[in-house]
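Chain lettering (A, B, C, D and E) follows the sequence in which the chains are written, and residue indices restart at 1 in each chain.
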Amino acid sequence: MRHTNRTGLSIACGVTAAVLITAGCSGGDTSTDDTSTPAESEPGYLAVADSSLPAGGELDVQTHIDASVATGLDPQLADLAAAWQLMSLVYETLVTVGPEFEIEPALAESWDMPDDTTYVFHLRDDVQFSNGRAMTADDVVGSLERQLELGSVWTGQLGPVESVTAVDEHTVEVALAEPYTPFLAALANVPASILPMREIEDGTLNPETEMLGTGPFVVADHRQDVSWRFERNDDYWKQDEPGVDAVNVQIVPQEAARIAALQDGSASLVTLGNVDSPALLQGASDVSVLTQANTDFYYLMLNSQWEESPFTDPRVRQAVNMAIDRAQIADVALAGLGHPTGVTPAGLPGACEPGDLPSGMADLDAARELLAEAGAENLTFELAIFSTDPAPAVAQVIQQSLEEIGVTVEIEQLEETSWNGKVYGEAPGRFDAALSWFAGYADPGMVTKWWNPDAAGFNLGFMESDAELTGLIDTVNSVPQGPERDAAITDLCAAVEDDAQMVPLVTRPSMVGYRADAVSVSLHADEGYGNPLRLLSEARMVRAE
Amino acid sequence: MTPLMEADDLAVDYQAPGRRVRALDGVDLTVARGETVGIVGESGSGKSTLGSAIGRLLSQNAQLSHGALTIDGESLFDLSAVQMRRVRREKLGFVFQDPIGSLDPTKRVGAQLRLALRGRGASLDVTGQLERVRLADPRRIARAYPHQLSGGMAQRVAIAMAMATEPELLVADEPTAALDSQVRDDVSTMIFALAAEAGTSILWLSHDLAAVGRRCGRVAVMYGGRVVEDGPASEVLARPAHPYTHALANSAPASAAPGERLQPVPGRPPVLTGPSPGCAFADRCGFAIERCRSERPRPVRIKAQSVLCHRAEELAGSAALAVHGVGSAVATTPPVPLGGDRS
Amino acid sequence: MRLFLWWLRRAVSAVATLAGVSILVFLALRAMPGGFAETILGPFASAEQQRELAERYGLDDSAFVQYWRWLQAAIGGDFGTSMISREPVASELGARLPVTGQLAVMAVLTALFIGVPLGVLTALRARPDGGGALGRLVSGLGVSLPEFVLGSIVVFVFSRYALGLSVGGYVPFADDPAGNLTAMILPAAVLSVFAISATARTTRDAVLNVLVEPYVTAAVARGESPAFIIRHHILRNAATPVVVLLSTITAYLLGGAIIVEYLFNLPGIGSYVVQAVGRRDYAVVQAGVLLAATVFIALNVIADLVVGLIDPRLGVTAEGRSM
Amino acid sequence: MSGARPGDVSGDGTSGGGAPATYPSTSEERRGVRMRIAHLTGWLRRLDWLSRCGLFCLLVLVLAALGSMVNLGGDPAEIAGGRLQPPGPDHWLGTDNLGRSLLPRLLEGIGVTLLLSSIAVLVTAVLSTALGIVAGYLGGMVNNLVMRVVELLYAFPSIVLAILVAAVVGPGRPAAMAAIVLVTIPLMTRLVRTASTSVAQRDYVTSAVVSGVRLPRILIRHVLPNVAGTIAVQGTYALSVGILVEGGLSFLGFGVQPPQASLGVLIQEGGVYMVAAPWLIITPGVVLILAILSINVVGDGLRDRLEPRETRSLR
Amino acid sequence: MTNHDGTRDGAHLRAHSGAAGNSSPVLELDEVTVTFSSGLFRREHVHAMRGVSLRVEPGETLGLVGESGSGKTTASMVALGLRRPSSGAVRFEGAPLPRRRRELAGRMQVVLQHPQWSLDPRMWIGHSVAEPLVALGHSQPGDAVRAMLEEVGLEPSFADRYPHELSGGQRQRVAVARALITRPRFIVFDEAVSALDVSVQAQILNLITDLQAEFGFSALFISHDLGAVRYVAHRIAVMRHGEVVETADTETFYTTPVHEYSRQLLEAL
């Protein structure tokens, strides 16, 4: 229960650029043998499943947390990365994200853009839901309209959609009110899943409690917070997939227990949360740990809205922003697996260069000067964090670096739910500062939308919108990929640090361990939606002859 | 012929953290077959320790300091555990003060009596055994749990257990002290009758000089871990030869005639931490002289009694040790016969 | 009649205790910081979702109304629905009870079969002069080993070195008896270290107390052998505190061997309830705690009955001095 | 009447007598102080070697805790070296996953754990004593009421109770303390009550009642001092339970919150690093076990001292 | 230390006879019945006392004998006002016992059975003896305590000892001193000498008779030991199964007991 990775939502707009970021995967790749992953050097991949292995067998997986929370199993409401992981085994989207964040076909085999506000999707004609019914344009239209009507945060992420219409049985047209660059990226995540709308409408399926999708697996059994059993969807449209007959998922909150299971072979694939786990598993035979670079990143909320907070003065916020040593957080708290980042997630194509920002220069004298100007030399503030690893470590490094400019940080560690209540429960929120992380998504513009509290209402309790910032965010999300957008992104990153109500810190890696003697897996080197199980249907079991 | 029981200069200490308490300080005592001996002493005099020593039932912090204790010629403290159990089974019987506590509270009376009789040649007829100790309605009692019995009934059951094997020596440690006075008489009478019938010797430990004197053939008075006076009951009661015996007899309120003032023994009993250098009673004794404090008295013969007192002979000659209210203390019932020619 | 009244009194006091427990839990849950819907759904949920949730679980009603509603349903056997799994709480707990139950039974049986003989032996070897300090040290060590230290070490050792027993990987006994046992032995062993030591200590104390009872002296004086006395007089008389302790340990374990369940990833009740506290899954916490309290009370009653069977003086139907 | 056994020769006191209210003069008060000191040393002498070892260990732990207050061994929060360094000359006990030296962390942890548990147990002792004495002495309805409440707490699974408290109060030291108090109160209240009930039946209490001594004075002058032994013994056991509860809570993340260290926090943090950096769990683990063991051993010693028991063999 | 002073002999025997005629009894139990009932629903009645009437005249010692379970301890509790009778009346100095215990403070005292529990083991002897005076509001009872200790044959220095430093006999002396320090009109001795060794018992019995001659209190002397009762009491009441079966002057009782049970008791002596 400690590892509830509550993930922010964000919108990515269509990404076509293919800048490969490799920095993120260097630290944790401890793969010990390369026999089962022959193609592991393929660009953008940490590992590629050996498709020459025979299909079949059962894969035992352990992960931190179950998919279902209070929102149930409805993928369109899912806002946890953990939920996306498991739901992506059953549900699919029109498009998906490739190894280098390029948008790839999925349920739509291709798409056209007759103009910069119209998208025409050509659906595959061989897709069936696992109940055997063929997917039609009506399902797609219905699904997207359902998401737009839900009014969830993801609705906003889909952008200014004006209409969704079925052109014919296999063609769907989406019209936007204005250009929206991250649109395809936003379609590529689980909340944009295509649901069996006919079954939902006639009441034979309750998406809150049952799952019925087009994906590679169907749910055979689920015990909340204990286990899942997914069995292969025999009618799956991708050839040769899934590569295993069944996936048994156990929900194991305790990191040590997952490590133990991996070591003694009772699990073949586990997700890991501790940044030292790769090192810890170094000596274990047949165990590989891959560190996936994520666009997720930690950020600090500096409450400007609560009158008792010291951060109502922007100079104090800026000073704190400057003084925090991102490199130390990355090296110490994240064992070198994270990277300093601006508001556009480092590692994502088109993101700004964090080293050029005030936070990257670490000018402590300037920070002290700002504090002196604001009359806050002996500042003490409380930092509310939740207890999921490695957030406490990040907080403690922040504490250390702020001590350098004479600022005392008192860390208040709360369990997840209480933290939520404290930070989001009331407006203004009664806290000085808080630490959390956002999923960074697949387009640099998506996550920046959270810096406009008028759009991201959950932030209203501790920040107010800044007109300049909001303008830059809008620009970044509407200007197509190119030098103009790059310039806007650079300005945006600087503006965020100048505003300093929410300051980005470092990216957050995720780790996957697996038994090389049991399974051959595929894994992207980078991930925007916190989903290390994205390519699970490619996995093949290794059989000892 | 060897005496049935003989204690020879028996000394026992209790070891407590940081100190040692001497309970027996050189006891000399013999019990012949068929004899009934009363041991009289106040708390701390060592009589219970002596009783326990006879069955080697002392608690673990008790240590034999010196001396010997023999039953039928067998030196108890040299026996193995197995041999000791045989002696207990074949030759000894015990009755204790707390009648209900002496029975296992979780077992029905009949069941535990049967358990106690098993494998020792006694009759397994529970009802018969209970009848023998004159319990009315033995069947009902056999079905009862100990806590449902009165003290007198429980003590009879305990006696039945102890006497079932017709032991050679019955050690009775204040067996009637916890009983109501009416019942006391019946129980004592019964014990003596059963013993006489079986030829069992009795060692009766009590703090009540007069009561013991009525029942037993011989009385031994203990003080400070030694037997200070030992002789025929009637003699000891009527003509105590030791100043302590005398004081004890005079201090019992029952012995005082109406209007007569009691003669208390001044001071309080000693707690010995090692061998007493002299007479342990010296501090409370009206007749004590310097020698009494520095030299351990040796037994002297005063008429029928054996006495541990330096001045016994002079005092015997004077009237200093006359017992007042003698009439009331002398036995009104004759002592139980001594068992004929067996000794 | 007497028996009936005894049961009646026990029942009344049990109901009172359970009512108290349920009110306390209810109040505690409502006193937790953070609003309902916000904290349960997280920051990203829409106002619509929050409204719907509050409506579905009646969270906007006053605490009194909520409790009353819960109580009425509970009396009818309906303990509510988990907000997370949307399943009836009763069936969820029912599914987890066997795990915790098996753990408790294994640990308590171990304690019984190892702790009791150990306690008897050490009592018989006790010496007044502070001897047996070594035994005291060892048994003291047993009750001083926290589960989270011992458990961590066991998890490490057994996952690092293939020693034949698995860490985690629970399967129901009915599905795979061997697999079930290999998964349960370690957690049960970790739990039983405390249980064994506590049992041994209690047994030792009880036996020492019985050893100085006059009826034991009387049995020794009759020339009975130590084995005979232990079998016929000591075990039964020393059993009372041991029975009470074992029932307490069982209740404690059933109430949640939380740390062990957590370390070994067993789908038991304790870890479930703790998780539910974290997620404000009210119905689960309420029912879980109530279940533990019921077990506690039931075990107390059982212990009383057993004690009564062992020692007629303490029994339900114990008669006064009747003759 | 079973001879002169050490137990029944004199039932001497445990602690010093009641504080003189009216009677002794100043010289007598001085004598009282001397007697108390003599009592204390006498006490120590009569504890067996094991209990004395336990006391010694506790003393060392307390000194270590005091050391942490003057930053002995360094600042516990400072990132002083590389990550996960094994014990060596720079960092005697090695460093943790943030490069903090374990030694000052451990000292801080000992201090926090001991202080927190002690305060909690003190609170328990005060509450239990008040409740137990009143219930035990007065009996009747008061007793029923108190015992009902106690049973209520008893019926709660203790860790769930502690976690509920932590969730209500918010995790941290107050929660840990409140949890320890709630977990330890039932047993202690029960035992104090039992002891008080038996004291209430003592002749000296009856005499005092007959003499017209007021209830508060009877409770304070007669009942309290005579159940002090029970309180002391149960207090030591409660302390060991307190340390366990603190450790368990912190281990589960509901207790003391990092960066502050407690033994439970250190073990929780170290648990993950068992393979790569075993010193991170072994050292605090051993210290924790040692602390609990010492307290238990001292408690056993106290109890044996207060209730000396005869031992018997069956041979 | 002991009072071997023969001159007081016999003085007490005459003490009450003169006073009895014209003053009301110090304590009077009139048809007192005490019923124990237990259980929440079940009312099981056990009669501990059944219609017991007793009188203690000024300066008199009433001896109350009986076996265990005869109800004499309950009688003592009733006399002390520690237990309210189910029916019947208790009058102290002519008036019903007050509801508030404190109104009796100092006028009634008790000496109980167990030497090891008669004194608070955690309290100095001086404090124990002073306690009844303190309860009456005296602030400097030190001299009175020392005087009283001498009165019972103990050295004043005993005031700063603890009970465990004293023998059983000495503790009972202290208990007597404590009872007498307020010069009460009435003292209950409940098995006050039963637990003492014979050789010490006599010391306390003499002390009680001597002090009664000196202070003139009335006493209820309860014991199962007929010998002790006979020695100190002026009149004797015999209880059996909760009823008083015979009341008589000591001398009369000693020579011509009327009730069969009394005869049995005397025979067993």
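In this text, contacts are C-beta pairs under 8 Å (C-beta built on N, C-alpha and C of every residue); 3 or more make two chains touch, one makes a residue touch a chain.
None of the values given here were measured: they were computed from a predicted structure.
Listed by label, the chains that touch subunit A and also subunit B are C, D. Set side by side, B-D and D-E show the greater C-beta contact count at D-E. Among the other chains, the CA centroid farthest from that of subunit B is the one of A.
Centroids of subunit D and subunit E (each the mean of its C-alpha atoms) stand 44 Å apart. A separation of 53 Å divides the Cα centre of subunit B from that of subunit C. Chain centres here are Cα means. That of subunit A falls 48 Å from that of subunit D. Our note on geometry: subunit C versus subunit D, Cα centroid distance of 24 Å, whole angstroms. Among the residues of subunit D, those in touch with two or more other chains are 48, 167, 170, 271, 274-275, 310-313, 315. Chain contacts: subunit C has residues 32-33, 127-128, 130, 152, 156, 160, 212, 217, 220, 225, 262, 274, 278 touching two or more partner chains.
Residues of subunit A in contact with two or more other chains: 256, 259, 415, 418.
Across the complex, subunit A meets subunit D through its residues 2, 255-256, 259, 274, 276-277, 279-280, 282-283, 328, 332-333, 335, 387, 392-393, 395-397, 399-400, 411-415, 418.
Contact residues of subunit B toward subunit C in the complex are 15, 17, 55, 57, 59-61, 85-90, 92-94, 96, 98, 101-107, 115-116, 120, 140-141, 144-145, 147-150, 153, 158, 161-162.
Chain contact summary for the complex, subunit D toward subunit C: residues 48-50, 148-149, 151-152, 154-160, 163-165, 167-168, 170, 240, 244, 247-248, 251-252, 264, 267-268, 271, 274-275, 281, 285, 288-289, 292-293, 296-297, 300, 304, 309-315. The part of subunit E that touches subunit B in the complex is made up of residues 1-2, 6, 9-10, 13, 67-68, 167-170, 197-203, 205-206, 224-228, 230-231, 250-251, 254, 264-265, 268-269. Across the interface of their complex, subunit D is touched by residues 13, 16-18, 20-21, 24-25, 28-29, 31-33, 124, 126-128, 130, 133, 136-137, 140-141, 143-149, 152-153, 156, 160, 208-209, 211-212, 216-217, 220, 225-226, 229-230, 252, 255-256, 258-259, 262, 270, 273-274, 277-278, 285, 288-289, 292-293, 296-297 of subunit C.
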